[in-house]
Structure formats: structure tokens, C-alpha cells
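Order of writing sets the chain letters: A, B, C and D. Residues in each chain are counted from 1.
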Amino acid sequence: MTIKNTEAGRIVQDLIRTIHENAAYLSEIDGKIGDGDHGINMNKGFTICEQRLADQEFSLSDGFAVLSRTLMEDIGGSMGPLYGVFFDEMSIACADLQEIGAKDFLVMLQNALAGTQEIGSAKLGDKTLLDTLIPGLEAYSAALDAGKSFQDALKDLQAAAKAGWQSTEGMIAKIGRASRLGERSRGVLDAGATSCYLILNAMADSILRMLAASK
Amino acid sequence: MTIKNTEAGRIVQDLIRTIHENAAYLSEIDGKIGDGDHGINMNKGFTICEQRLADQEFSLSDGFAVLSRTLMEDIGGSMGPLYGVFFDEMSIACADLQEIGAKDFLVMLQNALAGTQEIGSAKLGDKTLLDTLIPGLEAYSAALDAGKSFQDALKDLQAAAKAGWQSTEGMIAKIGRASRLGERSRGVLDAGATSCYLILNAMADSILRMLAASK
Amino acid sequence: MNRIMNDPNYVVEDMLKGFVKANADIVSATGNARVLKYKNAPIANKVGIVTGGGSGHKPAFIGYIGKNMCDAVAVGEIFSSPAAAAFLDAMQAANAGRGVACLYGNYAGDNMNVKMAMRKAKAMGIEVKTVVANDDCASAPKDELEKRRGVAGEVLMWKVGGAKASMGADLDTVIAAAQKAIDNTRSVGIGTAPCTIPAVGHPNFTIADGTMELGIGHHGEPGVSVEPLATANEIAEKMLKLILPDLPFAAGDEVVVLLSGLGATPVMEQYIVYNRVEEILSEQGIRVHRAYVGNYFTSLEMMGVTLTVMKVDDELKQCIDYPADSVGLKQL
Amino acid sequence: MNRIMNDPNYVVEDMLKGFVKANADIVSATGNARVLKYKNAPIANKVGIVTGGGSGHKPAFIGYIGKNMCDAVAVGEIFSSPAAAAFLDAMQAANAGRGVACLYGNYAGDNMNVKMAMRKAKAMGIEVKTVVANDDCASAPKDELEKRRGVAGEVLMWKVGGAKASMGADLDTVIAAAQKAIDNTRSVGIGTAPCTIPAVGHPNFTIADGTMELGIGHHGEPGVSVEPLATANEIAEKMLKLILPDLPFAAGDEVVVLLSGLGATPVMEQYIVYNRVEEILSEQGIRVHRAYVGNYFTSLEMMGVTLTVMKVDDELKQCIDYPADSVGLKQL
């Protein structure tokens, strides 16, 4: 089963909607051990992207490219480069594809992770968005290895990303703003891990909807 | 009747003591419509002068010269130049005299007033030290014109200076810091008029004591 | 407030020591602890430039000692005129035989101490002439120019006088140029937070949160009105509304603008105000020949800005554009 | 507090407009609203010098654009890293074909955005190398140098890198000189009052009256200790006690000292601290080659000072003494 690159631009629109809906929640979480602007930062980038994509036809790879460029042009801080490179790698990995299959999506996620780690130098357990991304990707990869379908692998991704996100509650921040707090950073969710879960979850939902429709 | 210039240095010491004793009072008055530092400014200058004169024999003209120089070197603001020129003129006017008589003292006061007005450009009624100095000097001059003795003229000076000083309570400040207050400056004594009364009064008392002793 | 100092009664002394240590390439101490001079002063054949005033206005006054700027400066206590002897010693330090231009601000204490110093200087055979800055157009009505205080326009007066002297002009020509500079200069300040004299320990005037004082003086002297805090754009408009009709400035004029913070106002905010100042001037056909934005004349940690506009002709432009090397104003 | 601004969300935009208007003799706007460049950049045959960082640190960063200083600067929101595209566009604006030295401070956001920009610059054939300032010795222990933040020592890094590039050095030589500069530089800050991000509207950290925070960062990052407010002399001693053993500096060394106010601290107080700094260095046989005292790297209206000491050899002295013409640092 595959989805058509040209038709999958709506995935980007779903992401934008998800971030809009959760902006306040993301800032609220960031406010507990960060500076309370994660929702503002994300929403600013995704809103500008929405304006750039308005009234246009675009493929998934093009949509990701615009999103990435917007994040890198219009929002500085940490989220600009981290999600900027994330969507840049996603876009590059599918730019030449007409049909995107389960394996293709794996490569997209792998490259996105590699780019994010290259830029941010964070590891699993540092209490960042990687604590959502890495388990999600691993579960998806394992599902494919085990011969599961695209759909089932996406559901495994969602479940593992959610578990990974929630695991950040028990972690001490090792990187970023909250790392100064040491032990005091334990007991609350990580803001970036939250937005990453929302993004992976929404992306998987969109693909699942498209796969269901194309049956 | 005259006093000896060489022996009259003690007049300066009496002035210094008077300012020491009244420093807090002068600041208190300045605090009401000024910036509350008149006693501090005066006492600083007179204390440095006291140190310079310590363990020395000095004449009245020399004592006034040191006092003037100290005020001009060590205290800026308004008091340095105003009393600086006041004592400078007093000193110059008696520098060449061995004996200082009633007429000499008149010239000393006249020159001191002229210098003070040249520097400060204030007039009678502006609520400044001139409101003590001018009436004091006029009473002294009138007494001599009327053929009164040095002693009686000095007593007239004291009385008129006191009345002049007290008249400042009803005045509106026309010059200096308090002039910004307009009508609000009425109802309190002027700080400089107060110090000027203390100085003229102490000076007259000293001369009266010296005249009494030389009888 | 948390002031960084040792003995509050010796802040001026301590500051001067640090200033001389840090800027030995430009300034020297003199025999009078309250007088600093340009290390090369007196400069043969040049009219000496002297100024002086109370402390707490950094970089004024000592920060404007330097090449093609002031030769010697008399230093007073915080917000209080230097002693007459300090002005006199500054005049001597600056005097190279061609006379001394004493360019200072119109404050009672400074007027008296300069006059006193001039009496003595005359007796010593030093020729001194003065220009008394009165650029603060909020400090008295236009028909009482002689009552107006000097504020940040003094910087432009020193720049012009200093340049003219370095060009080789004689005393009367230097005085005329500095006088022309200040006669063509208008300033106005707004205050948004007061300051505290170290030895006093509490502010001696107040500016309530949410308000600003238009026309405030450099020591907190009352302004023309206390108003609700306006936006930066409105502030620019209000200040120019006082300044422009006063000279008056008109379409076709060329001007030099100096926008100074009062101490604690971030330079960012000063540029935000300047942005609108320049726009309004352009709209009115007034061309900015040169702009200075930054902390050029402060009042300890007061908040607010002063705006100074000087109408320039060819002579003034030449003086303003002349190089300068002082701590507070360097121009290549 | 009474902030002078228009829309708090556009303080950076408004400030940039004013800055370009006021300083058109030195800086130009570029196609990217968040990138300013030296008006003559790119300069043929010269390695380009780029930096960038969050706003609110005037004159850093844009104030160090100029002759023999930085060629282009990426501008972020208040206290927040510029976007990757701004760094990339700054790199392009500075690039004259001999490569670009990107000299910036060690903050997570800046690190990521520069890395991101370098990925793109590489793809465009622009050679970029970096030096990451980590002079704040209170921000991490000595065995974790890579965790230390960059503070006012960045000014000296730009001065050295900028001079070296103007002398005609190639990229590796410029990078080596700037790296040597920062490797020989140690800074420490003390905070005495917090500051407020305009769009936030209240301070996001506190410093109680009567206390000071030793080792505080440029954005209020926690320091090594909160102590009762000390005298200026004690503050100088405490800061040097952290700085001197860290490099270490020793008798016979020559140093450049930069003492910067954090924004609202009167320059007078900075000189009072400097006075004791110089004394202690002298006592320890350390010679001050040159001193910079003033508001060189601020944090809005934060109060306090940062002290920076750089050990210099002949090469660094030559670079430091080289002329410079930027808004924040002019040297003849």
C-alpha cells in the first residue's frame, strides 16, 4: 500500500491544524520548566507556513519543504532549526517519489532523526523531542521488520511515540533551558516531546486516513 | 576705636565654631524648600579651613583669605563662589591695614556685598543671603552716618541683619533652587539668609568682645 | 536600589581614579584632583576648550576630553557645580596663550563658579570667554532664553568649539562658532523613572509607573507636563512639537540630531524613538545631516531620553564632521 | 516599568529601522530584514566576519558591524537566537569568496541555527568556519569548557577576528586568531537588578534588594552564588578571584580588560569597579595593555557588570590595537 506524494499535501495541513489546536497546551507545558513559549514559537512558524500554502496545490514533499523553510526563516531559537531540519529531511527523502510506501516513510523518519540529532546533539533520555521520536521510529521499524502492514506499523509508531512522550515526565532534563533545573525538572512532561508526539500522531492519522480511502 | 588686624584672626575661628554648631539647623532649613545640604556644604568648607589654620598664627585678613580660598577650592555649588567672594573681598579690603576701624569695616562689608552681587546677580527680596546682608550693611552704614560708635553700629547691624533674615520667611524665592517652587516657597526661612545672619552676628560679637577687651 | 560603590561620599573620587587608569591614552590627571585634561593639553597655538559640571552625567563631562574636543574639564560632586578653583585650574591646564573658551551649561552654580574663576584667571593674564548652553527649550519660555538650562546640546557645542579651535581659529572665532552652535540647537527631555544621588540614598523626585514627565531636566527639574506614558512614536512627536517651532526649524533645513538616553533606558528604545524622529523630520522636509543615538549625556540611572536638534550651515557641518577622539565621542 | 516602545512584539523591527537610519554611514539593510551588513561588505579579497544572536544586548551585536569588525550580523528576537536563514543570509552578505568566519556565542539555539545555516552555505559553495565563544567562566566548571556560555568576551573575539581578516589573513588564520582570543579570555558577571523582556512584561528572574548574583548570565541565567551586595572593591576582588586562577593569569602577563555595564548601571559605577580591578592586577604583576570600560554588551535594563580579561601576546595586541570603526567600538 502507498500514498501518492502529489495528493498527500493534506498531511501538512493536518499538522498545521494540530499545532493551532494545541498551541496553548504546548506553552503551558513549557511554562512549567521552560520559558513558556513553545506553543507560541511553533504556532508562529506553522501559521506563516499556512499562509504561504494557502490557495495552492502542493505535494507532500513540497509541503514539507515550505514548512521547513518557514521554520528556518521565521523562527529562530531551538525549534526553528530542529523541526526545520526534521521536515527538510522528510521532504528530501520523498522529493523524487511518486508513491510513498511503508519503507519510504521509514527512510523519511530515519533521515529526519539523523538530521535532528546532527543539529541538536541530544540523546535518548535527555528529556527532549527525541524521547518521542526515537521510540516511535524504532517501533515502526520493528513492525516492518516483523512483516506488519503499513497501517499496523503506523499504529505501533503512535503507541510507542505516546509512551515515549509520557516517559519524559520521569526524566531529568539534560539539555536545553530546563537542564539548569536539574532534579527540579523531573515530574513534568517535556514540551518538545509533546509537540513531537502531536506531530507524529497527526501524521500517522493522516496517512491512515489516506490509506483507508485509497482501498 | 579699632581692632588689630594681626590679633583679629580669632574672628575667623569664631565663625568656624558658629557654623559647626549650626550645621544641622542650616540643613534642616534648606531641607524645607531646597535640597537639604546647606549645612553640609558650609560645614565642609569651614572644617577644611579650620584644618588649614590649625596651630597657626594668622591675622584677620589672612584668615579670611584662607577661608575664601578653601570655599573656592573645596566646595562648589553656590556657596563656594558666593561666600568665597564675600570673604575674598573682606580680606582684600583689610589686607594692608594694621588697625581696623568702624569705617574700614564698612568698606569691607560694602566690597563683600558688591562681589557677592556681581557673582550671584541676586537682588533684595529674592529670598537669599542678600536679604540679611543688605539690611545689615545699610543699618551699619546709617549708624555711622548718624555718628554712632563702632560698637553701637555693630549692634544695629546685628538687629537689622536678624530682621532681614526673618523677613525671608514671608518671601517667595526668585532665584536658586527654591525659585521653582513659586508660592510654595513662602512660609519658611531661607537657608543662605540664615547662615549669613549667623556669620554677621558672630563677626559682630567677636569684634564687640575685642573692642571691650582693648578698652 | 543596588548601587555598586564603596563610600557613597567618595564616588566621584573613585570614579575619577578608574577613569584615568582606563583612559590614559587620552586623559591625564592634573595637580587638582577635580580637574582632568587631554594628555596633550595645552596644545601650542590652539585656543583651549574648557568645560565642567556636576558628576553623574557620564560620558559628560570628562568623556568629552580629547583630540579636537575639550582640553580640560572641571569636575563637581554629583549634580553639583565644580568649585571655582577647579574651573580656574582647568582654564590654566587648557591655556596655551591664545585664550580659553569655557563652554558650559546654564546652571546657577556653574555660572557663579565660572565667573569666580574668570576673575582669578584675568588676574593671572589668561583670557577666557564663555558660551553658556541654554538648549533645553522646555526649561523656560522663548522670551526668557537666558533662563533656559543647558542639556545634551552641550555635546554638539563642544564638538563645534573643539573642532573650530583645532582648525586654528582665534578665541573670538571659536566663541562665535560655539555660540552659533548652541543658538541653533534645541533640546527637550522626557523622564520615565527617577534617579538617586548616592550620598542621599533615595530619589529626590518621583515619576509614577505608567506616567512620563515631558520637559524634565537633567537633574529631575520639573518639566512642562506629567502625562500618561505614551508610545515611542508619540514621544517622538511630542518632543518635536516642542522643538521644531521653537527655533523654528523649517522645510529645507539640514540638522544634526542627538538622541541620548538618560542612563538606564536601553539603547534599543532610543533607536525606536529615533526611527520616528527621523520619519517626522523627513516628512517636514528637514534633512538629517548626521545622527548620534546612544548614552551621550546621562543622569545616573534615570530613565528617559533627551532629543536635541541643531540646524546646521556649512560652517557647523564642517565642525561636526571634523574628526574627534574622546571617550564619549570618537569620529574618524 | 516604563518602557519606551510601540508594539512590544515589534521592538526588534522598530529598533532595526532606527538603527539603520541613524548609522547609514556604517551599516546597510539587506534583503533579509533580520540581517544587517557593513555598507562596504562583501569586501573583495577579505575573509568575511559574521556573528549573530538575540536582541537586547546593544551595542551587541549589530553595533559591532563596521570597518575591521563584523561584516554582517544575524538578528534574533529579544534574547532568542536568530533564525537559521538569517545566519545563512549574513554568511552570504559577508562572503567575498575567501570564506566566512562565523564568530558567535555558545548558546543552544545559536549553535543549532548556525549549524543549520552552514549545511545550506556548504551546499551553496560558501566556506564557513566557526569560533564559539565560551568565556563565561562562571557558567560551567573548567573541565566542561564546551558548556560555558559566551558573554562580553565576544567583543574582543570580534575585534581580533575582524582585525586579522582586514590584515589579509586567510580563513584558517582568522579562525585561529579568533579562537586564540577566546581561549585566552575569561569573563564573569554580577547582577544587581533583573530585566524584563518587552513582550513578557515582567522580569523572568529576581535579584532581591541588598543582594547580588555572582556569575549571572547575560539573560539572567543563574550564577554561582547569591550574596549580600558587596562594595565595588569587593566585587572587583570576587570577580577576579574567579577569573584569574581559571586561565590562569600570572605575574608578567599582559592583558586587555573589558568591563561592561549590563545596561542600567551608571558608567560611573563601572569606573569605580575598574579602579580596583586595575589595582589588583597591578598588585599581581599583571599589566593592562588596554582597557575598555562602558556599556559594551548589555542585557536591556539589567543592572550589574561583567568583567572580561584577555591574556595577550604580540599577535593579539596587534589585532586589538588595530583601528576599528563600528557604532559600538571606534578606535583610531
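Criterion: a contact is a pair of C-beta atoms (placed from the backbone, for glycine too) under 8 Å apart; a residue touches a chain by one contact, two chains touch by 3 or more.
Please read these numbers as outputs of a predicted model, since none were measured by experiment.
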Item checked: Intersection of contact partners for subunit B and subunit C -> none
Next item on the list: Chains touching subunit A and subunit B alike, please list them.
Entry: none
Next item on the list: Out of every possible chain pairing, name the one holding the most C-beta contact pairs.
Entry: C-D
Next item on the list: Return the distance between the CA-based centres of subunit C and subunit D, expressed in whole Å.
Entry: 29
Next item on the list: Starting from the mean Cα coordinates of subunit B and subunit D, work out the distance between those two points in Å.
Entry: 57
Next item on the list: Would you kindly tell me how far, in whole Å, the mean C-alpha position of subunit D lies from that of subunit A?
Entry: 34
Notebook entry, point to check: Graph of touching chains, which shape: line, ring, star, complete, other?
Noted result: line
Next item on the list: So, with touch as defined above, which chain pairs make the list?
Entry: A-D, B-C, C-D
Notebook entry, point to check: For subunit D, which residues are in contact with subunit C within the complex?
Noted result: 1-6, 11, 14-19, 21-23, 25, 55-56, 58-59, 192-193, 207, 209-212, 229, 231-233, 235, 259, 263-276, 278, 288, 290-295, 298, 300-301, 303-305, 323, 325, 327, 330-332
Margin query: For a test of understanding, state which residues of subunit B touch subunit C in their complex under the given definition.
Written below: 35, 69, 72-78, 80-82, 84-85, 118-120, 175-177, 180
Next item on the list: Spell out the residues on subunit C that touch subunit B in their complex, using ranges where they run on.
Entry: 54, 76-77, 80-86, 108-109, 112-113, 115-116, 119, 204, 221-222
